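Read through the structure below, which is laid out as structure tokens, and then see the notes.
For clarity, chains are labelled A, B, C and D in written order, and residue numbers in each chain start from 1.
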Amino acid sequence: MPQINFIQAINQALSEEMERDPLTFLMGEDVVLGAFGATKGLIDKFGPTRVRNTPISEAGFVGAAVGAAMAGTRPICEVEFASFFYCAFDQVCNQAAKLRYMSGGQARLPITFRAVYGAMGGAAAQHSETVYAQFLSVPGLKLVVPSGPADMKGLLKTAIRDDSPVIVFEHGGLGRLKEEVPDGDFLVPFGRAAIKRSGKDATVVAIGAMVSQTLKVAEKLAKEGISVEVIDPRTLIPLDAETVLSSVQKTNRAIIVDEGHMRGGAAADISAIIAEKGFDFLDAPIKRVTALDVPIPFSPPLEKAAIPDAARIEAAIREVCA
Amino acid sequence: MPQINFIQAINQALSEEMERDPLTFLMGEDVVLGAFGATKGLIDKFGPTRVRNTPISEAGFVGAAVGAAMAGTRPICEVEFASFFYCAFDQVCNQAAKLRYMSGGQARLPITFRAVYGAMGGAAAQHSETVYAQFLSVPGLKLVVPSGPADMKGLLKTAIRDDSPVIVFEHGGLGRLKEEVPDGDFLVPFGRAAIKRSGKDATVVAIGAMVSQTLKVAEKLAKEGISVEVIDPRTLIPLDAETVLSSVQKTNRAIIVDEGHMRGGAAADISAIIAEKGFDFLDAPIKRVTALDVPIPFSPPLEKAAIPDAARIEAAIREVCA
Amino acid sequence: MDIGKEVLLEMYRSMQRIRQFETRIRDLAVANEIPGFVHVSIGEEASATGVCVALRKTDRITSTHRGHGHLIAKGGRIDLMFAEIFGKRSGYCKGKGGSMHIVDFSLGILGANGIVGAGLPIATGSALASVIAGLNDVTACFFGDGASNEGTFHESLNLAAVWKLPVVFVCENNGFGEFTPMRTVTSVKDIAVRAQAHGIPGHIVDGNDVLEVYQYASEAAARARAGEGPTLLECKTYRWEGHVVGEQAFLGAGAYRAESEIEEWKKKCPILRFEKFAAESGGKISGAELERIVAEAHKEVEEGVAFARSSALPDPAEVTDDVFA
Amino acid sequence: MDIGKEVLLEMYRSMQRIRQFETRIRDLAVANEIPGFVHVSIGEEASATGVCVALRKTDRITSTHRGHGHLIAKGGRIDLMFAEIFGKRSGYCKGKGGSMHIVDFSLGILGANGIVGAGLPIATGSALASVIAGLNDVTACFFGDGASNEGTFHESLNLAAVWKLPVVFVCENNGFGEFTPMRTVTSVKDIAVRAQAHGIPGHIVDGNDVLEVYQYASEAAARARAGEGPTLLECKTYRWEGHVVGEQAFLGAGAYRAESEIEEWKKKCPILRFEKFAAESGGKISGAELERIVAEAHKEVEEGVAFARSSALPDPAEVTDDVFA
């Protein structure tokens, strides 16, 4: 299998799915040039009708994706940085998420939203936010957070074929991360977590860019005989709670590592599920390793202090295993 | 003390605080007429400069509140239904919440946002949502959810005097709820939970309109000898975790009742805090009683099925106490 | 423009169906037979009708919180509408939507909407879908004067103009947004002027003259279908009833507008106006024909109410259906 | 309009400070001495300068992601700006903001902003505060051609027009939003036309002629101060550098615009143009005076870089400060 990076995986998924379905099209700011690689070359393959640069009007073009989907097409809508979703929140949360339900099941909304999230080194508060928690309590959306190129390709292809609105979050720091990715029709199903490493002493649920960080820590702790099971949920909605719970049943310890914030974050969401359904398995408090509850600061030492790192992940694991 | 209702309490708080500070002003859609009572009569007291009907432009006037606050005034900004915040999310989440931090503490943002939330009988999905969870993981905002007229007055007055952005959520179903409310300068501090009823068998943290519902259930169960402690956090940010944790230390059982959704909701947030800091106190799983994870439906029997009611609260308490 | 008799009768039928439906709904709401918020469009029948009669069955529309008239004009079934507004399982949305969220995909009705201004980007996207799929369907987008102050209005006009999308933007200017007079919150007297900000045609239309609305809408639809892009129509009209049914109960009469103003506009009733036109049509349209239409609409409405009343409420177990496709 | 010598020299000083600051920042960014995204405004110095020189010290501005020039023109301290962009504790925002978020409240600089179009409602609110507090400060709002497609642009113009707020909306039309030519995503050729959608004056201004910008801005500010409401100025200009410093590395030259186009605009350099004006001023302004200003700006920039380099990084413990007031 060829080694490709995160960005190339996105490009492959987009190209293959647009090939597959002529009613699929791409729109967003600067998708034609594809400066950062994800959409590069698609204009040559699919032409200006299906690859469209939008004005800087997030509510307008996100809403246009909603209308285009309801009218029978399959839009792929790019929103550069996930924090720009805030400019289009009504169209995502009041429209895309609710229209199928409000219409009694008449509306189909096959929309795939793509956006970059996370701290990537000095992008500051308005370009570094981990935004998926804000969508967790908006029923009607599916939330996807791939941790590597293979999952990115397989999950993005699944997203594009899904008939409900899906948001695929791409961590801005993973762009050059390489791994082997199957060519062609490779799909990763939603709601199926990946056990990235099996262990018996503690379960660490890690999301997105935190997966590779956590695996490094697990590696290190293994040498000391601390055996950590690392689970990547891959999709937050739908969530594969079974895999998480049966892991906790085995390890009796749970830690959630997420780049989002502590209050109201994805880590709290998963922790609460474990505390409700897996309480009897637990021998220790459920720890969360998350960003501090501050806007992400600009200066590198402050940014580093704000988001989870290997040291904090390691300390949390040691604490619950103590 | 005079008995007044929820709406009258809002009106009193607004009137007293606008009296107190000439740089305080009110803006929003139809605040001049004050059709639903909260802002009625303020135009006569304070005139058209300080009581302003806005165009239907949520991003525009919410952003204007942000700018007016930074420029030295103290806006009170009404956003009718909380789900309309979605139209102004960037100004609330990327601007109001982050500007003080991004400016290294230079910006002061004394803004009070008011909005109605919750299911109130057939208002359907776009007018019935419990929206505070979406703000929980946006550091920089304070979130207030009063459960009755006295708290509403005291918390709203505190909000208006606060120098940070505060969102006060008013449940649409509580409008006519009456109780004794102190006249004049009555302030309720943020971050101080109210123990609405003390008990020893289980701790129920109830939010907003769920408080009165939970108290009724506690009343009933008391007759059977099940003693329930009911805690109203009053402010979600800042949160009085100490009061919750020391209650759980006493009762060894925790239930959170919230009208928001299960996934990523305020109940999950509080549950995770207990599971992390109060684990050793617990003798039973932490239960959540929340809305189902669906958009709030229109038809009364469906709406009733979607949101928490006394029966579900009672069942949850019995389950953890069994 | 010479309008055929069939079309003229179709217009009258549409206006009668709307007027009688809205009047009945208003009374049912006042009698507390209906849950939730109900916004009726009595007095505004001509704009909904003139536009929708100018459309093809395969064309699409987006509507608003005040959407009953748009849906009926596009062919919506009155019985299914009543059932939905009553919250019954037999309703258009199985009782999940209610008055502000009625949808009929089979008729190209993409839906009423509870969020002011939200329909504009959706209509723009619906028009985009026509281009992507290579169909020449047109989308008509209804919205109010208040909605024209939402950013989505301009974002949508800009996008539709740049991409020359087949959409007709129809502003129903009834002079108020809730209880606020349009002129106190709007920077221009005529919303049509705002088309200039996007280099597209903008026309002021007498929104109470169904024939004039029909003409402008026909031209705009033809233009859109020909790939020449969007048009903005501003239909000047007035709402006779309150913003929301029942407001008198807590506002009292004359709280935000003079009774006399309402009376003035009632004299401009679009239905009376059409009847006058018919009477002067030199026998082209007979009074008997109009009376039959009135009677048919009445029957349809009464049967619709009966259907709704006799229909069952949804089973609570259905609450979790229809979230995802 | 006869502009005094002091003011003229002030304009040249401002343009020189901006040009030299931006050039230095660009080189430092290319040399990876600076974290994050850096957007420079080389070639656009006249619009920032002409507007800010027309303002009073107590007046306020809002800026954009490409905001260095606006801040410098309003009197921003170059050393504190360098320190902030280097991420140092001594910077304007203690290192928490960076290039896109510099603020100086003491100078009425309400801030750069990383969100396109977000500054418009904020500026409108700042102008509203003047009315509430009974002060007659004016607020100038800088934004780009791309931002004029955000709904916040129209929502802000409408609000400011209806309330007659003392704000001057300054669109710096440099022909591009990121890598997208303005004409391909914008429904009008001239953004100034969009003033018509709100019944306010809109003027097309030669954005590379600091004197013309100054004149229009002075009139607009006077109008605002007199309580006559907002004005929209469209300054036609061009950005010489990439959208973001370093883009050549992954785009290569000529990826989205012809090198020749850039060369054409360099001939219209606002600084050369002012120097030509000075040379023709019949000795009113001497070459020596201009050279001294160039040297002073150079010294200020180099001292600023030295200050930034020698300043300490923030203490990680400060990460939790400044969230709440």
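In the analysis below, a residue touches a chain if its C-beta (ideal position, glycine included) is under 8 Å from a C-beta of that chain, and two chains touch if they have at least 3 such contacts.
These figures come from a predicted structure and were not determined experimentally.
**Student:** In terms of touching chains, how many steps apart are chain A and chain B, taking the shortest path?
**Tutor:** Steps on the shortest route: 1.
**Student:** Among the chains, which is located farthest from chain A on the basis of C-alpha centroids?
**Tutor:** Computed centres place C farthest from chain A.
**Student:** What whole-Å value do you get for the distance between chain B and chain D if each is reduced to the mean of its CA atoms?
**Tutor:** About 40 Å, centre to centre.
**Student:** State, to the nearest whole Å, the distance from the C-alpha centre of chain C to the C-alpha centre of chain D.
**Tutor:** One centre to the other, that is 45 Å.
**Student:** I'd like the Å distance between the centres of chain A and chain D, where a centre is the mean of that chain's Cα atoms.
**Tutor:** Roughly 36 Å separates the two chain centres.
**Student:** So which bits of chain C are touching at least two other chains?
**Tutor:** Expected reply: 93, 95-97, 101, 113-115, 149-152, 155, 158, 162, 184-186, 323.
**Student:** Which residues does chain B have that touch at least 2 chains other than itself?
**Tutor:** Each of 54-55, 57, 59-60, 83-84, 86-87, 90, 94, 101-102, 124-126, 139-140, 293-295, 297-298 in chain B touches at least two other chains.
**Student:** Chain contact graph: line, ring, star, complete or other?
**Tutor:** complete
**Student:** Can you name the residues of chain A that touch chain D in the complex?
**Tutor:** 29-30, 32-33, 35-37, 53-60, 83-84, 86-87, 121-127, 292-295, 297-302, 304-306
**Student:** In their shared complex, at which residues does chain A touch chain C?
**Tutor:** Per the touch definition, chain A meets chain C at residues 23, 25, 49-50, 52, 54-55, 57, 59-73, 75, 90-91, 94-95, 99-110, 139-140, 142, 162-164.
**Student:** Give every residue of chain D touching chain B within the complex, in rising order.
**Tutor:** Contact set of chain D toward chain B: 60, 62, 91-97, 101, 103-105, 110-111, 113-115, 118, 120-133, 139, 151-152, 155-156, 158-159, 162-163, 321-325.
**Student:** Using the touch rule from the top, collect the residues of chain C that touch chain D in their complex.
**Tutor:** The contact residues of chain C facing chain D are 149-155, 157-158, 161-162, 184-189, 193-194, 196-200.
**Student:** Considering the complex alone, what residue numbers of chain B touch chain A?
**Tutor:** Counting only chain B, the residues touching chain A are 59, 83-84, 86-87, 89-90, 93-94, 97-98, 101-102, 124-126, 133-140, 237, 239, 260-261, 263-269, 271-277, 279-280, 282, 284-288, 293-295, 297-298.
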